[in-house]
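Two complexes come next, and they have one chain in common, chain A, joined by chain B in the first and chain C in the second.
Entry: the complex of A and B
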C-alpha cells in the first residue's frame, strides 16, 4: 500500500527543494503549497519539487501545484519537477504544467538549470 | 481477498464497493497492484492505470451528490489489458456539458480543479460514460503492453 504523505525541504543557494514521499492527495498538495508559501514569503523564487518517492498522485493534489506556478509566474520565479515516475510525468503533461514549469531528471540537474537560466546572454 | 475476486487461467476479476472515507482509493490500488503481480505484469506497466483508477474513484465519490456516497468498482485484468468499470448511484450529470480544463484558464482562476474526466479520457485506450438520474457508469480500457 502507498505510504502516507510526508515531505522534507531544504534550501540550497536560495533555492527551495521540496521532496515528497507517499500519496500526494489533497492533504499532500496542501502541505506542499504551505511549505512553498512559507519560503515564498521570505523571498525564495526558485523551487524544486522532487516527486521521486510519490508514485501515486491525484489531480486534486496536483491542483495545488498550479497555485504555486501562478504565484511564481507573477513573481518572476520558476518551478522545476524532478525524479518523475513516467505515469506522473504523463499526467502533468496532459494537465499542461510543463508549459509553465520545468522538469529535470534529478535535483542536481534542476539546480543546474537555474544557474544556466541565470547566466547573462552573449 | 476482496469481495467477488475470481481467478481464471488468463484473467483476474475483482469487484469491490468503496465508501467515501479518506484515501479509500488506495484500497483499490492495492488490489490493482496485487492482480498485476499475480499476472506477472511489471510495475511500470500499470502506472497510468493507477492514475486512471484513482481519478475514477475520487471523481465518483466527490460528484455523485449522494448523502452517503459509495462507488462500485470492477477490474478485469489480463496480461494485455485492464478493464475498469466504475459506478456511482448519485444524481448524474451531462458529460457533454463538462468542458475540458485549460491550464491557461486555471492559472487565472480560483478553481484549479476539474481535471479528473480529462485525465481518465486522455490516459485510457477506450473511455465510455453513461450518466442519468440513477447514477453514472464509466467503462475504461487500458492496454498494458
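Entry: the complex of A and C
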C-alpha cells in the first residue's frame, strides 16, 4: 500500500532533481511545487522529478505538476519525469503531461537528455 | 468630493496611438495570470504616462485591495463601475481614477498621479486610459477563456483517466496471480480517482474486524473524515463483509464534498473486487477439483492393477468375472487366486463408499488377503484377522463386505465364509438355487476378534456359483426402480445356463444395462461366475 508523501531534492550541474515517495496528492503536489519554486526563483530551469517511489498520483497532485510545466515552458525550461510506474506513466500520458514534459527511465537518462537537447544549465 | 467625468471614446486618437494600443493588448494577452496582467498594465501605463505613479486595485467583494504600487499606504475610495464601460473619475489632488468591470464580475481600479509639476490630465489622456482599461478587460476575458478551456480539457482528461483506470483496475484485480490483494489495489485506485485524502478497507466477520488496510499506508490519518466527510460502499462474500471508505476529497481550494461520480466510481471498483473474489474462489475450486481428478486417476490406475486382468484356468471348471466401477475408482474387488496347495481362493468384496478412500481400503484389503492366503490360514481365521486389520486401517464409517470360497478343484469341495456380503447363489442342475451366506459381520465393522463361521459343500458337475456385489440387484433405471424388483437375480441365475461362464457374465450385464437404460450407474457392478463341467 502507498506510503504518506515525502520528498528529497538535490542540485546537480544546476539541474534540480526532486525524488518523491508516496501519494502525490494536494499535500504532495504543494510540496513539489514549493521545492520547485524555491529553485526556480534562483534561476534553475531544468528539473527532473523522480516518481519511482510514488505509485499513486491524484488529479490535484497532477495540477501542481502541470503548473510547474507551464512555468518552465514560459521560462524556456524543461521538466523530465523518471522512474515511472506503468500506471502513473499512463495517468500522466492521459492527462497530456508528456506533450510538454519529457520522460526517461532514470535520472541519469534525464540529465543526459538535457545535454543532448543542447540546453546546458543556465 | 470626486468629480465624475464622462469621456467620449469616439473622439479620434492621435497618430501612432493605435499601434501602441495593439502592442499593449498583445502584452496584456500574453500574461498567464491576473497578477501578471496587472503588473504589465502598470508597466504599459507607466510607459505611456512617464513620471506618473500608477496604482492598481481589485475589488472582488465589498473592499478594494491593492494589486501593486500604491500612492500611499491607504486604499483610496474608488467608485463602482457602471455597466460594462470603464468609469473615469477625477480625484482630489490632481489624481485620476478609472474603474473597469471584469469578466469574472470583479472590478479593477487604476489611480494615476501626475509626477512632478505636470499638467492636469487632458481629456485625450482620459480617453486613452479608458481604452487601456478596455484592452485590459479584453485581455482578461481571453485569460479567463484560456483558463476555462484548460480546466475543461483537464476535466475531460480526468474523466477519460477515470474510465480508463476503471477498466485497467478491473483487469488487474481479476488477475488471479496478482501480487497485491485485489481489494488493496481497488482502494488505492478509488482514493486517487476521487481525490480522496485517505481511505480504508475493513474486512469483518460477524461484526469483528479481521483485516484493516489504510491508504496511504500507516493507519488512520489524524482527523480522517472530520474535514469533508466521506463515502463508503460494502459487499458480502464468503461470510465476510468488505467495506470501503474514502475520506476528505481534495481540491486546490481545500476539502470539498464527494459527488455522485465519486460514489459511482467507488461502487464500481467495489463490484470489481467482489467479482474478482468470486472468480478466485471458483478458480481455486476448479484447481481442487482438477487435483482430486488427478488423485482419482492415480488411484484408478492402482485399482486396475489390483483387479485381475485375466482369471486363472481351472481344470474341469470355467470361470469369468467382471468389474464396472461407477466412478473412476470403485470400491468393489474380486479375484480368483491359485494357492500353492492346488486350491483356488475365490473372493468378492464391496467397500462401503466409493472414490479414493474406498480404493485405498480395497488396496489394503488386497494386500492383507494375499498375505494371509500365502500363510494358508483357515478361512475363518483369515476372516477374523481381516476384520481386525481393516477395522484399524479404516475410519468408523468404512467397512467391507466380502465372500470367500476355497475350491479344491479335483473334488469340487468348497468352503465358504461370508463377511456380511450378499448371499452367493449356487445353482443346482435342476435349476434350484441355494444361498450361501454363513459367516459373520462385515470386515472392519468392529475392532475385535469376532468369530466367523464357514460352510462346506461339494460342487457337482453342471453346478454353478455366482458371486456378485449389490451393484447388480440395486441397479436403478431412470425412475429409480430397482433391477431386483422387476427382474429378481435369482430367476436370472436359474434361467440362464450358457455353456461358457463368460457368456453368462455378458448376458447378465446386458440384462442389467437393458433395464437401467441411459440412467447413470450409481454403484459398482462386480460379479464372478464359476461353473463345473
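Please note the rule applied: the second predicted complex is superposed on the first by the 117 of 122 C-alpha atoms of A that agree within 3 Å, B and C clash if a C-alpha of one lies under 4 Å from a C-alpha of the other, contacts with A are read in each partner's own complex, and residues count from 1 in each chain.
What we mean here is this: contacts are C-beta pairs under 8 Å (C-beta built on N, C-alpha and C of every residue); 3 or more make two chains touch, one makes a residue touch a chain.
This one's a predicted model, so the numbers in the text were calculated from it and none came from an experiment.
The superposed arrangement places chain B and chain C in clashing positions on chain A. In the superposition on chain A, contact is made by A:66 with both chain B and chain C. Touch criterion met: A:90 reaches chain B and chain C at once. In the superposition on chain A, A:58 makes contact with both chain B and chain C.
Contact with chain B, but none with chain C, is seen for A:100 once the two complexes are overlaid on the shared chain. Once chain A of one complex is fitted onto chain A of the other, the partner contacts of A:23 extend to both chain B and chain C. In the overlay built on chain A, none of the stretches 96-104, 258-266 or 474-482 of chain C clash with chain B except 258-266. Chain A residues 1-2, 23, 25, 55-60, 63, 66, 70, 87, 90-91, 94-96 lie at the interface with chain B in one structure and with chain C in the other. Across the complex, chain A is touched by residues 32, 153-154, 157-158, 160-161, 164-165, 168, 184, 187-188, 191-193, 195-197, 213-218, 221, 250-252 of chain C.
Per the touch definition, chain B reaches chain A in the complex via residues 23, 25-26, 29-30, 44, 47-48, 50-51, 54-55, 58, 101-104, 106-108, 112-113, 115-116, 118-119, 122-123.
Here chain A touches chain C in the complex through residues 1-5, 22-23, 25-26, 55-60, 63, 66, 70, 74, 87, 90-91, 94-96, going by the rule given at the top. Taken together, the chain A residues at the contact with chain B in this complex read 1-2, 23, 25, 55-60, 62-64, 66-67, 69-70, 73, 85-88, 90-91, 94-97, 99-100.
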